[in-house]
Amino acid sequence: MAINWFKYAAPSSFYGLAGKLVPWFAWPAAILFCVGIYIGFFVAPTDAVQSEAYRIIFIHVPASILSMFIYLIMAGYAALGLIFNTRLSSMMATSLAPTGALFAFISLWTGALWGKPMWGAWWVWDARLTSELILLFLYLGFISLQASIEDPRRADRAGALLAIVGSVNVPIIYFSVKWWNTLHQGSTVKLSGTSMHISMQQAMFTMFAALWLYAIAISLLRVRSIILERERNSQWVTEIVEMKQ
Amino acid sequence: MNKLSLMGLFGLVIRRDLMLAMRRRADVLTTLIFFVIVVSLFPLAVGSEMDMLRKMAPGVVWVAALLASMLSLGRMFSADYLDGTLEQMLLVPQSLSILVLGKIAAHWMLSGLPLVLVAPVLGLQFDMSGQALLILVLSLLLGTPVLSMIGAFGAALTLGLRGGGVLVSLLVLPLCIPVLIFGTGAVIAVTSGVSPASNLSLLGAFLLMSLLFAPWVSAQALRISME
Amino acid sequence: MNWLGFFEMKGYAWYIWGSYGVTLLIIMVEILLVVHKRKVVLQQLRLIRDAEIKE
Amino acid sequence: MLEVKELACARGEQKLFSDLNFRLAGGELLQVQGENGRGKTTLLRTLCGFIQPLEGEIQWQGKSINELDEDYFANIVYLGHLNAIKDDLSALENLRVSSALSGSTISDSAAIAVLRRMGLRGRETFPVKLLSQGLRRRAALARLLINKAPLWILDEPLTALDVSAVGLMQEMIGEHLRNNGIVIFTTHQPLEVSGAVLRRLTLS
C-alpha cells in the first residue's frame, strides 16, 4: 500500500489533515448549494399537481436521506472505535451526531411545511415522517448519553453500543411504523405520483451532493475541536500553528 | 471448577433479587399503583364515552405499562451499583450474560408480571370484551419481558449518571416503539374482527430476538459502565 | 422577470421560504457554533499553556 | 503467579502511569503507594479486569487475563471502597449469597464461624443496616475467609476498622501468605504482617 492509512488514524496527524480537507469540501458544498437553488427555482418547471410547493422537496428529500445515512455512518464509526479501540473513529461518531440530528430536524420541519399545503395538515402520521421523528429521538438519545458521561472513554464506548443497537432497530422501527400505518389507514398520502422532470432530478441530486459535502466539512471542522479537547495533555497540541500566539 | 450450571446461576440470581425485593415490598407496589393510576386518569381526562374508551383501551394500557416499566428501571442495577454488590457480580467466575438475564427475569417478575395480572381489571374499566381482554393479557405477557430487556440495556448504559432516570427513558422509549405497535395492534385486530395471530407472532419474534441478544449487550454495557 | 411574482410562489411563499430560510438559518447557526467552540477550546488550551509557562 | 508487563493506564484522557512491570509469586505481599490521584485504585481495578489498560498486559499463570476471562475471576477476591453488602440482608445471608455466586456452597455453621471470627458474634442474623460502619466493614472482610481464591486485591481494607480489627486483618493476611496466597493492597494506615516480606510499589 502506497499510503499509510494508519498514520491518519492517529488524532495528531488527522488533525492537520482534517484542517486541510475542510475547504475542499466546504467550497464545493457552497457552490453546489447555489447551483442547486438555481436549478431548483429557475430551471425546474412548475409542477402540474403541486404547483410551486413541490420545490420544498429539493431540501426535504436530501435531508431525510442524509439523516438516515449519517446515522448509519455514525454507528459504523462508533462500532470501529468500540471494536478496534481507535479513538479517532469514536471522535468522528461524536462529531457526526449533531449534524445528523439537525438534518433530521430539517427533514421534519420541511416535511411539515410541505404537508400543510399538500395534505392540509402540518403533521400527518405518515410512515416516513414518523420514522424520521423516531430517528431524531435516537440521535437525541445518543447525544444526551454522551453529554452526560464525564469520562470520554466510557462516553465513546457507551455511545457506540447505543448507536449499534439503534441502527439494528431503525429498520425494525421503520417496518413496524409502516405496518401500523397501513393498519390505521386514513393518513397515508401518496407522494408525488407523477414522473419527475429531469431538471427536478438534477436539482435534487445537486442539493443532495451539496448537503453531503456540507456534512463532511462541518463534521471535520467539529472533530478538530474534539481532538484538541481530548488530546489537550499531549505534547503535539502545544506545537500546532494555532497555539503560536 | 467454580462454575455453576447456567440454570443454577439463573435461579440463584432470581432468588437473590426476589429476596431483596421482599424486604422492600413497597417498591414493587408503587410501580403497580402508578400503572393503575395512570390508566384511570385517561377516562377522567378525555371523558367517559364508552365507545371512545373501548377504542382507546389497548393504547392506554400499553402506554401506561411502558411508562410503569420505565419507572422501575432504576431498581434494576442502580441499587446494586451504589453498594458495590454489582461490582462483585462482575467479578464472579460465571457467565455475566446469564447473570444479567437472571436480573432481568427477576425485574420482570416484580414489575412486568404484576402489570399483566392487573391489566384485565383495568380493561374492565374501559368496557373491553372478554376476547379483547384475553388478547391484551397475552400481548402484555409477550411484550413486557421485551420492555424489561430493552430497559436493562438502557439502565446498564446510564449506570451512575446524573439524571439517569430521565436519560434512560430518552434512550429506551424510542427502541420500545415496535413492541408498543404490535402489542396494541393485536388487541385492535381482535376487536375489529381480524386474527391477532400475526401481531402476536411478531411480538413472540421480538421476545426471542431480545432473549438472544439483550442479555449479552446489557452485559457489555455493564462492563463499559463499570470501567 | 417579475421578481415579486417569483417571491410569491403562487401563494406558497410562506411554505417554501420557510423551508429554505430555516434550513439556511440552521446551517449558519451550526457553522457559528462549531467555529465558536473551536475558539473556546483554543483559548482554554492557551490559558493552560500560559499558566504552565509561568510556573 | 501474577505478572504485569509494561502496563500503562489512563483515567479519562490523562495518562496515570506507564511502563509498569512486576511479578508476584505465591506468598508475596505488595503494597501500592502513591499520592492521591496517582492511580492506586485504577491499578487495582485494572488488575481485577474492570479496566482495560492502555498498553501492556496482565498475566495470570502465564496466560493473559483477557484470554482467561471469567476463569480469572475464580482466582481473585477484590475488596473495594464499597463494602458490597446488601443493607437489607443479614451478614449471614450476604455471605451465603456471595459464596454461592462465586460457585462454592458454604454451610451455615461454617459461615457463622467465619462471622464470629470477624467479631460479629450475636449479630449474624441482624439486617446489616442496623450495624455500625466498622461492623459492616468486618462483615465485608468476612468474604476473604470463605473464598479460596489465591489473589487478594484489597483497596484500603483498613478504613473504618478499629485496632483489634486491624490486628485481625494482619493475622488474616499472614495466614493467606503462608497458604501460598498473594496479597496486593493500598493503605494509608500502617499494616505490618509478621513473617512476611513487604514489597512496595510507588506510583509517581
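Per-chain numbering from 1; labels A, B, C and D assigned in written order.
Just so it is clear, a contact is a pair of C-beta atoms (placed from the backbone, for glycine too) under 8 Å apart; a residue touches a chain by one contact, two chains touch by 3 or more.
A quick note: this is a predicted structure, and the numbers were derived from the prediction, not measured.
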Assembly fragments, subunit A aside and the remaining chains unmoved: B, D | C
Centrality ranking, top chain (CA atoms only): B
Reference subunit C; chain at largest CA-centroid distance: D
For subunit B paired with subunit D, centre-to-centre distance based on mean C-alpha positions, whole Å: 36
Subunit C and subunit D, separation of their C-alpha mean positions in angstrom: 54
For subunit A paired with subunit C, centre-to-centre distance based on mean C-alpha positions, whole Å: 16
Whole-Å separation of chain centres (CA-atom averages), subunit A against subunit D: 48
Multi-partner residues of subunit A (each touching 2 or more other chains): 151, 153, 232
Subunit D residues counted as touching two or more neighbouring chains: 52
Of all residues in subunit B, the ones touching two or more other chains: 227
Touch relationships between chains, expressed as pairs: A-B, A-C, A-D, B-D
Subunit D contact footprint on subunit A (complex, rising order): 85, 150-153, 230-233
Contact set on subunit B toward subunit D in their complex: 1-4, 9, 12-13, 16, 19-20, 23-24, 82-85, 87-96, 223, 226-227
Partner subunit A, residues of subunit C touching it in the complex: 6, 9-12, 14-16, 18-20, 22-23, 26-27, 30-31, 34-35, 37-38, 41-42, 44-46, 48-49
List of subunit B residues in touch with subunit A within their complex: 153, 157-158, 161-164, 167, 170-171, 173-175, 177-178, 181-182, 185, 188, 217, 220-221, 224-225, 227
Residues of subunit D defined as touching subunit A within the complex: 10-15, 52
